[in-house]
Amino acid sequence: MKVYEIQQFGLESLVQAERPEPKIKDNQILIKVSAVSLNFRDLMTVMGSYNPKQKLPLIPLSDGVGEVVAIGQEVKRVKVGDRVAAIFAQKWIAGEPERKRLGTTLGGPYDGTLAEYIALDEDGIVHLPNHLSNEEAATLPCAGVTAWNAIISHGKLKAGDTILLQGTGGVSIFALQFAKLVGARVIITSSSDEKLARARALGADETINYKNNPDWEKQVRELTDGNGVDHVVEVGGTNTFDKALKSVRFAGQISVIGILSGPSAKLNLVPILMQNLRIQGIIVGSRTDFEDMNRAIELHKMKPVVDKLFSFDQTREAFEMMASGSHFGKIVIKF
Amino acid sequence: MKVYEIQQFGLESLVQAERPEPKIKDNQILIKVSAVSLNFRDLMTVMGSYNPKQKLPLIPLSDGVGEVVAIGQEVKRVKVGDRVAAIFAQKWIAGEPERKRLGTTLGGPYDGTLAEYIALDEDGIVHLPNHLSNEEAATLPCAGVTAWNAIISHGKLKAGDTILLQGTGGVSIFALQFAKLVGARVIITSSSDEKLARARALGADETINYKNNPDWEKQVRELTDGNGVDHVVEVGGTNTFDKALKSVRFAGQISVIGILSGPSAKLNLVPILMQNLRIQGIIVGSRTDFEDMNRAIELHKMKPVVDKLFSFDQTREAFEMMASGSHFGKIVIKF
Amino acid sequence: MKVYEIQQFGLESLVQAERPEPKIKDNQILIKVSAVSLNFRDLMTVMGSYNPKQKLPLIPLSDGVGEVVAIGQEVKRVKVGDRVAAIFAQKWIAGEPERKRLGTTLGGPYDGTLAEYIALDEDGIVHLPNHLSNEEAATLPCAGVTAWNAIISHGKLKAGDTILLQGTGGVSIFALQFAKLVGARVIITSSSDEKLARARALGADETINYKNNPDWEKQVRELTDGNGVDHVVEVGGTNTFDKALKSVRFAGQISVIGILSGPSAKLNLVPILMQNLRIQGIIVGSRTDFEDMNRAIELHKMKPVVDKLFSFDQTREAFEMMASGSHFGKIVIKF
Amino acid sequence: MKVYEIQQFGLESLVQAERPEPKIKDNQILIKVSAVSLNFRDLMTVMGSYNPKQKLPLIPLSDGVGEVVAIGQEVKRVKVGDRVAAIFAQKWIAGEPERKRLGTTLGGPYDGTLAEYIALDEDGIVHLPNHLSNEEAATLPCAGVTAWNAIISHGKLKAGDTILLQGTGGVSIFALQFAKLVGARVIITSSSDEKLARARALGADETINYKNNPDWEKQVRELTDGNGVDHVVEVGGTNTFDKALKSVRFAGQISVIGILSGPSAKLNLVPILMQNLRIQGIIVGSRTDFEDMNRAIELHKMKPVVDKLFSFDQTREAFEMMASGSHFGKIVIKF
C-alpha cells in the first residue's frame, strides 16, 4: 500500500513509499483511510523538533478517518462498513492523562494515518457524527479534542464567561466554535482583518488585529471592563504568554496548548502568584472527551472549518501551508 | 408604608397592613420596591406548611426588585438610584451552603419583599442586567438562581448533554432557557399541549404530554437511544421521583428542587446504587451564583418568562394562581 | 482444573466442578489463583437475587489474587511470576463508570475467580503491595476499592471531617482504615460491643452499639455538636437510610454502597432538598482507583482485616458465614 | 494605644507610635491583641517591595490573636471573652478569591495587627482550637491557611501522594504537617542538615540538603521511581521553579506560593505543555478554609511550630530574623 514516510528529518525527506498492508489481530480493525488532517505537531515531527529521538522511518499524522474494511474475531465495538476516526493516544480511553497513555500516540512514536490502510485496536477509535463529510471529520481527533478538553473538560467554561483566543489556527477556531456552543463570549486575535471577519461570521464577539495593535492586551482589558478575561487559550508560546498573563482576570485560567513561537522566555511568576492564576498544560484528550465532543457537534450540526483540501500526492504542499501559518481552521488531505 | 403580612397561616390571613418605613444602619441600603415575584415556597409559607414554627406576622416573598433611595454611610457597593434585587439568603455570598447562611432568607424567617420599602445590608443585593424590565428582573432571585445552580454550578451541564425538565413552572422554564444557553438538549413534560408548544418556542428539543402518556419515562428512554438522560431537574416530588429514577442514565444526576406533590414516598434505593446515580438537593444559590447568572443573561439578552402581572392589591389572586399550578414561567406583582 | 460453579441459584447448587484450563490470547495472561475473597454481592449472585437473568453455570467471585504463570505474546504490563489481582470490572480502566464498562465484571456476568486458573486481559489486573500476604491482598478488589472510591475519589473526605460507618463488614472496615489515613474522625456502629472494641483498636474515634441504642442517630448528632456528620457510608439499605438522613449535616453526603436489608422503603425526599444533601451511588471503582489505593496502602503498610480463612473445600461454609453477617472485615478462601 | 507604624519604607522607619484606641461599629468587635506572627509578605511590605503604592503610615502584619473585649450591638458570632484570630482578607468569607475580596487584607492596604487593640467586623475573625497557646494560634492566619489551601482545598492531596516542599519556612512546615495528616509522603529540602533532622522529627519521609546536592531535582526523581512527585509547593520563586518543573510528575501540580528569590526568570513553557502540568497561584484562603483547617488541627491536637518568640519591643529583631531566612517554622511576637 502507499504511505508517506519521514525517512530523515526535514520536509524534503517526507516521501511516498510502499509498505505491506497491515495484518489485524483478533482485537483489531483494518481501516481504509479516506481523509487525514495536519496539526502543527506533525510539522514539528517532520522537522525533527517534536521528538528528536523518534525512530525513523515513521508514517506521520495522528488524524485520520476511514471505513472499516475488516475486523478481528474478538471485535465488538465496530463492524465492517463503519466510518471511524483514530483517537490520538491509542491507550487513553478515559480519565486523566498519564505518561504511559500519552506514549501511544499515532504519528509518533507509533506509525500514523498517512497511509492507505491502518490497523488499530478496536478501543482506539470513535464513530463520527453523520452530518460531517470525511474531510470535515478528519479534523477532529487532535485539534478538536484539544479545544474541547481545554475549554470544556478542564476549563469548565460556562455561559457568560469571556475567553480570549489567539490566531485562527485549527485549535483556536474549534475553541471559538465550542465557546459559542456553551454561551461564552469570544475575543479573538489575528494579524489579518480578513480572517477576523471570518471569525466574526463564526460567532466571535470581539476581534483584535494584533499587528495594528501591538499592545492588544490593553484592548482586551478595555473589552472586559478592566477585569480581564476568564480564560485564555494560549497557542502562541513565549511571544504571547506575557500578554496572556496581562489579559486574564484575577483567579482566571490560561490553557497552554501550543508553543508556536519557540520554547522558552523570560517569564514573570509574580502575576501567577499575585493574581491567583491557574496555568494548565493540555495535550489533546481521552476517547471519552472525543465522544462527548462528537455528541455536542452532532446535536448542533456543527461544521469544522476546513481551510484547504490537498490530494495525497500534494502532501508536501499541505505541510508547506502549515509551515506558512496562513491557514484559517484546518488543512486536510483527501485520499 | 404598605405591606402584606401573614397574620395567621392560611391565604385568608394574608392581609395588607401598615408598618413604619424601615431605618437603615451604616452598612445598609433602603430600597423602594417596584416588583416582586412568587415562588411555590411562598405559597407554602403562607399556608404554614413550609415552616410551621415561623413567627408571625411575617411579610412574605423573597424575590423583589427596586430602586435604592438611601444608603448608610459605610456603604460602598451601591449608590442611590441603583436598581437592585435582594438575594435569597442574605448571608450567603459565596461558597457552599451552610445551615446558618440558609437561615438568613427573606420571606421567612426574615421579613420579605412584599412591602413598599425594604432595608438590606449592602452585601445582600445584586445589580441587574439593563435589558430587563423591573418585572422581568423580579423573577430572578429564587427560581432563576435555583435553576442556574442546579444545572450550571452543581450540575455542570455541558454542550451535547440531555436534560429532562418537569412541567413549566418558574424553575423549569429558567432551566430550559439556561440549558439551551449552554448547548444542551432539552426534554420537557407538561399536561398541556399548549404549554408544550410554548416550551418548544423557547427552544425545547422534545416535549412529552404526561397526561396522554402516563408511562412517559419510557418515551424519555426512547428519545435517548435507551440510555436515559444525563440530568433530571426534579420539581415534582414523590409522584415523579420514581419516574426520574427510570429516566436518568447510568451514573447520571437528579437535582431535587421541589416537593410539589408532597413529602414522602416509597423510594427504591436499588437504582441509586446499581446505576451509580447522584441525587443532589438544591436550595437556590449564593450571591456569586446570582452574579454569574446575570452575566450570562446579559450577554445573551435573555428574557425571563413572566406569565402574568398582578397589582399590589391583587396579591391574593397572585397566590391563587400559584396554587392552581396553571402558570407557565413566573407570576409577578408590580407595585 | 477445579472450579466452583453456580449450577442453579441457591447455595446448595454451588458445587465443585471440572473445567478445562483456560487458553490465553495474545493480549492475555494466565493466573494461578492463590486466594479469593467474598463480598455480599457474591452471596446475592449465588442466591439469584443480584441478577436473576444471569446465565448459569457461572464461576462466582470477583476478588482473586494469584501468580502469573503464562503471558500472551503481546503482553507488556505483566511478566511471568508477577503477583496480581483481578480488577472488578475488566474494562473500567479509568474515568467515570459507564454501563458498558460495568458489564464486564467477574463473578457475573463473566466467570469469576473461584477457579484454579483464570485468564484475563493484561489490562484487567493490578500489581499488589509487597507487604501483603496473598490472603490479605485478595480482600482488595471489591470491598477495598469501593471504600476508597466512596470516601476518597468521590467523597473527597479531608482531615478534620467526621464520617459515619455502619457495621463492621468488609467495606465499613476498609472505610474506617482509609478515613483514619486521611485524618478524618470516625463514628462506627455495630450490634456487638466486642466488634466495637476491635473497631476502636483500628482507630475508630467513637462507637455506637445500635442494639442498645435504637435511636442512635441522636447520639450521632450529639457527637457532632448537633450538626451531624460530613459523610455517611450507607451499607444497610432501607432499614438504615432514614437514620443516615438524620445523621448527616446540612449539605453533607451519603454514599450508597449496599442494600443489605432489602431494596425499597418509605423514603422522605424533604431532607434531601431542605438539607441540600448529596446522595451518591457507588459501585466499586476503576483500575486507577485500585492503583491509587494500593499506593496509599503500601506507603502506610496498611493491613486489610481478614476475619476468617477457609480452604477451597470449605467454600460453602465461607458463604454461610457471609450470610450470617457475623464477620468483622473480610472472609477469604485460600487455595 | 501602642502600635508599630511603617512611616516610610525600610526597616529603620518601622517605629513605635501612639494611636487612639479604635471605636467599634454596631457590627464590629474590639480585640486586645496578645500575639502576632510574621510572614515574608510583611517584610516585603516594610521594605516597600510588596506594594510600592501602599499609603503610609501603615500598621503592619496580618496575623494576630487576642481576646474580644467589646462587641457592637449587632454582633452575633462573637461574645466578650472569646479568643479569636483575624482572617487575612476581611471580606473573603467563602468561595473563590476575587480581586475585591483580596483588597481587604490586614497589614496592607488596611492597618494590621501590630497594635494593642484592633477593631474588626464580626465576620472577619475565627475562633481557635483550645489546645493552642496564643503564640501558637497567632501563626495560623496567613501561613497556615496558605498551606491548607495549597494542599487541601486546591491541591486535593490524598493518601499515598508524594509532595515536594522547599525549605523550612512557615508555609513549608505547615504544609509538611498537613501533608502528613492526610497520609501523603513528604520530600523536603533545606540547606541545613539540622533543619532537615527537625523536619524528619515532624514526619518528613525524605530529606534533601540542596546545598550539598545542587542537582537535587535528580534525587527527587530517584526517590519517586523516576516519575516525579505529584505536587510541589513552590515557595522559592524563580531560582527554584525550573527545578520544580523537573521534579513534578506528568500531569502533576505546582502550587506557586512565594517569590523569595525575586520576581522573574527564564521560564520554559515546554514542560507545562508537554507534561500536562497545572501551575496554581495561591494567596492564603477564605474564612471557610481557616475554619476547616482549625477543625483538622483540633482533631489531631496538631501544634504549629514556633521557632522564636520576640517581645513587642523586639519587633525589629523579629523582622531581621525573617530577613535572614534562618527560621524553622514561624516567628512570633508576644505582647
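Each chain gets a letter, A, B, C and D, in the order it is written, and its residues are counted from 1.
By definition in this document, a residue touches a chain if its C-beta (ideal position, glycine included) is under 8 Å from a C-beta of that chain, and two chains touch if they have at least 3 such contacts.
Quantities reported herein were computed from a predicted structural model and do not represent experimental measurements.
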Moving step by step through touching chains, the smallest count that connects subunit B to subunit C is 1
More C-beta pairs touching across which pair, A-D or C-D? A-D
Provide the C-alpha centroid distance between subunit C and subunit D, rounded to the nearest whole angstrom. 41
In subunit C, residues with contacts to at least two other chains: 96
Okay, in this complex, where on subunit A does subunit C touch? 25-27, 74, 93-96, 286, 288
Contacts from subunit D onto subunit A in the complex sit at residues 96-99, 102, 227, 237-238, 241, 249-251, 256-259, 263-283
Over in the complex, which subunit D residues touch subunit C? Could you list them? 152, 156, 158-161, 178, 181-183, 185, 292-293, 295-300
